[in-house]
């Protein structure tokens, strides 16, 4: 038996087994197997361009953070809903995308798309509702930049009970990137209203995590850490890393469904995103200004001495401008 | 009948000419300028009128030309001798089939004039202020050689040897050169021919400056000198057209101009 | 009509130009705050890196960007977009010809301000020798060629991606113009890759050189500007033209004296009426400093709009004589 | 000719040969023509005072002689000195000068040397502390040592033999800056921006007045005769700058009045002549006078005693000393159409443009016997004029009055041929 078949076996088992369902589900933009196909960089993450139309691939992953979450090989129950830029809702069905379970959809319009997966399961008398959200952006500079402002505002969905809404950074536009040291803020909504005191956890690409509770306005903020330390010559300015945010909320709602009866309900919402090296990590004012000032001074002094020397060598007559 | 007169007051001679209403030449007269040229000019003019029986009143317009033109107050108008010469030569040249280039050698100057078909001056050149190549040069030479001015032509053809070369173009230096040549025993004939060639060379250079076209008309007193004419023709490489009375062409031109000016007014 | 014409020809060009330049500077550098947007095909250095304030974008930025597309796209449907951008650029350009340099370009205006600072300090200007001038004059064509070839090379995957806008990397406009809206973020060296490090370091060196150069040399950077070279290639059908009537020229060289760009032809050429040279910035100082009636003139669509006149020259010079003790 | 020296009232000075020469000419200029402008009286009187009565040249500070138009006078003024142009037109001095120079050399240079050599010369420049001698033509260049030998301080202002190249321009700029140093030594004053700016403003005002006069001469029929124009520009050689300018401005005002009244200074069909070549310098206004006595009118000129001296103006970009001095240097070199420069084409173009602007019927080209450069340029000028159908009379002459008769014939014939040509054209 190959490893692969074993994995598939394990996977299918895990779906069956309720304990697995406790793992959070989240969307990822990172391709599971890099050797599959190609994607292009755009403002808003990797895309596939088919006849000029941007297509987004998102894969579903299970697990706490990017470092240990698995890609899913098989289908998963639940609804996948896409809300496009205009606010129109469409149900998508997932499938095999480049070897793992994921969705692929077209992004014809400029702006943010909202993708929700709602999946539920019951185990040990707890009904678990997973809400995986992703907010991909479609932007091409060829479309210009005049239309950006009204498209910036985040959307809320009335179809999901618990939702994490990424708050926009100051002056954010389609080109803005979340960098190391920047603060990312998330609003947690339960049934459309801000949820105070909910625990929100952020996992970074290399395993760092932090949990905070939402404040009275339902907002949780994290400062992104730098967790990218390559040798400097391998440093990549556009090094994209995934983060994932979880928020959970448990209620005493009891009831029963096809899967059995439960005494409590646990909502687990996720939102994925990308962060990048900050300009501060690779840009230096000091060297820049040093070099600039050096060039300025050097040229200035060179011209001064050149003029002095010419005056002497050719006995050039120059006049004193001071009266 | 109305008549028109032209008076050319030159440095050596006063020339007068009278034409009738149709522009036909009635008569001309030549007299030396002398010291009181104004009186002489009047005399010449009046004598000419009496010769042809023309009353003073019948002369309706007088045009003066030549160096003394400004001081001859009896004239109705004055004109430079270059223009007058051009008009006269153009008119007189018609008998020869039309001329376009004029060479004039006067007492103190020499000129080359180019005219268009209508007798208008299109270009002209004059000698510099020195008397080289002018009638005066011939005068001086003739005096040195102790021969008459009129005889110069005959001497020119009388020589047995080749013409001598006179290097000096200046009348003053030429004088001593001639005396030197005489002292060396050269014949007067060869010297005269040399002088003619010297003048001819200068004259042709002047003519070339204005450009030589068509027939070349040669006038002025020295045009009577056959030797000089032969020398110029030789240097020029073409025949010269010489009027019957070469001295009076300019006066004739002035008279023609007087007529047309009168008719225009 | 004649009075109006005389008034125009007698204009104090220095002042007029200062005001017009100021206007365009505000429009292009701060226009964004007033919702001015002239598009991204401007034939002048309205720097796109000046995110907040820009009233339009210098065409060289999108041009390099577009040329860096993969070849399959560039030579496919996206090529049309490149052509469209170029068309808009050409249309803008045809209106003002190189007047964009002498009157609109914010970087040019900054250099003129530096020049004005120098005269206030009483420091004389430098000039190139003829040989230097001839050689330096070629640099802009070299830059233009590189500016097109490098992005094309990137599109063909021959060169690293991070050289995408090679000219912008070394253009002092990128450093200098955003500073006017309080954005100093361009004054850095980017160590993220070797290429960016080299390019940004070059950029800072050029910026230093720019300030020092512009101080000693009038319109220092314009000699090397690839935009100027691109302009010249398109300048023939432009509406605004600089014309010279060689017969009226006395070759006094007044125009050459005052020319910021040291263009000798303006004084020496007497046969060709279309006098504009590749280095010209159409500041029209030559017209203002020409004492010969109608020898130099600027025409718009064939209509003379500014002509050299004796009266205008005398008026302007008299003003210069009177500005005692206050150079400039 | 018409001489009536006013011996009763004139001082003894009047008896000198050169004063008589000047007197004769002034009488001709003044009396032989009707309707001289009222404002010309200033110039007639000025010449009588300076040339006939020996009035000293008015000046402030040190008097600095110049021997050619290339000496930048603004610099001299800026140092608080006064320039006086020494180029002389007197036959009397020409004869004295023949002791220094070969008889066949330029009468202008000979006369200048003669006047410098003579005691109590006219114009009376008293003691010249410095003579600025631009190395223009060979004769002026070689005159330097002779002037030096007479005991004058001479500054040789080095002029390049070509003006097109950038090297020549820079060489000349250096040369001019060196002159400034010399003037500083001489006057002990400092060159300041203010001084130079003021000096330049003064000459610019004078040049503006000249240009107005120049433009007024475009009028057809002529408002003003060339003999007076030459007298005006000749006065610039030695007259007080501001006084001269005021007098010219007054003259301009009178001419503008004449223009409105439709005044004619010459016959309507009088041939309009452009005068070029060697400069007519008082009292050698022989040729312009002959032209106008014969019924022509000199409407424009291209000579270094008038147009070439005053027409071209200085442009300054930055009012800093370095730029102002370089600007001055350029103004004295670049537009100059003197035949000493290597190429002829600027002069050709200038003549063609003047001929076109002033509606000229013919050109009179004066070449002083001995001025080889003018003699040599004759053919090239003749060719371009002929190509444009403009007739030209080339006159080689000097300061002696001997050739007056012959010249008048040639000039009359020339004018007559122009008249016929015009008649036929109609």
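Chains: A, B, C and D, in written order; residue numbering restarts at 1 for each.
Keep in mind that, in the parts below, contacts are C-beta pairs under 8 Å (C-beta built on N, C-alpha and C of every residue); 3 or more make two chains touch, one makes a residue touch a chain.
Quick caveat: nothing in here was measured; it's all calculated off a predicted structure.
Of the chains shown, whose Cα mean is nearest the mean of all protein Cα atoms?
C
State, to the nearest whole Å, the distance from the C-alpha centre of subunit B to the C-alpha centre of subunit C.
Each chain's C-alpha centroid was found; their separation is 74 Å.
Quick one: report the Å distance separating subunit A from subunit C, using the average Cα coordinate of each chain.
Computed value for the inter-centroid distance: 42 Å.
Calculate how many whole Å lie between the centre of subunit A and the centre of subunit B, each centre taken as the average of the chain's C-alpha atoms.
Computed from C-alpha means, the inter-chain centre distance equals 115 Å.
For subunit A, what residues touch not just one other chain but two or more?
318, 321, 323
Can you pull out the residues of subunit D that are in contact with at least two other chains?
If we look for residues of subunit D contacting two or more partner chains, we find 193-194, 320, 322.
Assign the assembly's chain-to-chain touch graph to one of these shapes: line, ring, star, complete, other.
Topology of touching chains reads as other, fitting no named class.
All pairs of touching chains?
A-C, A-D, B-D, C-D
Across the complex, what residues on subunit A touch subunit D?
Subunit A residues touching subunit D: 314, 316-321, 323.
Help me check something: in the complex, which residues belonging to subunit C touch subunit A?
37, 40, 62, 65, 77-78, 81, 122-124, 126, 162, 175, 184-185, 187-194, 196, 200-201, 204-209, 211-213, 215-216, 325, 327
For a test of understanding, state which residues of subunit C touch subunit D in their complex under the given definition.
119, 122, 124-125, 129-130, 246-255, 257-258, 264, 267-268, 270, 285, 289, 291, 310, 313-314, 317-318, 320-325, 327-328
In their shared complex, at which residues does subunit A touch subunit C?
52, 141-142, 144, 146, 232-233, 235-237, 277, 279, 282-285, 287-289, 291-300, 303, 307, 318, 321-323
Inside the complex, what are the residues of subunit D that reach subunit A?
174, 177-178, 180-181, 190-194, 320-322, 325
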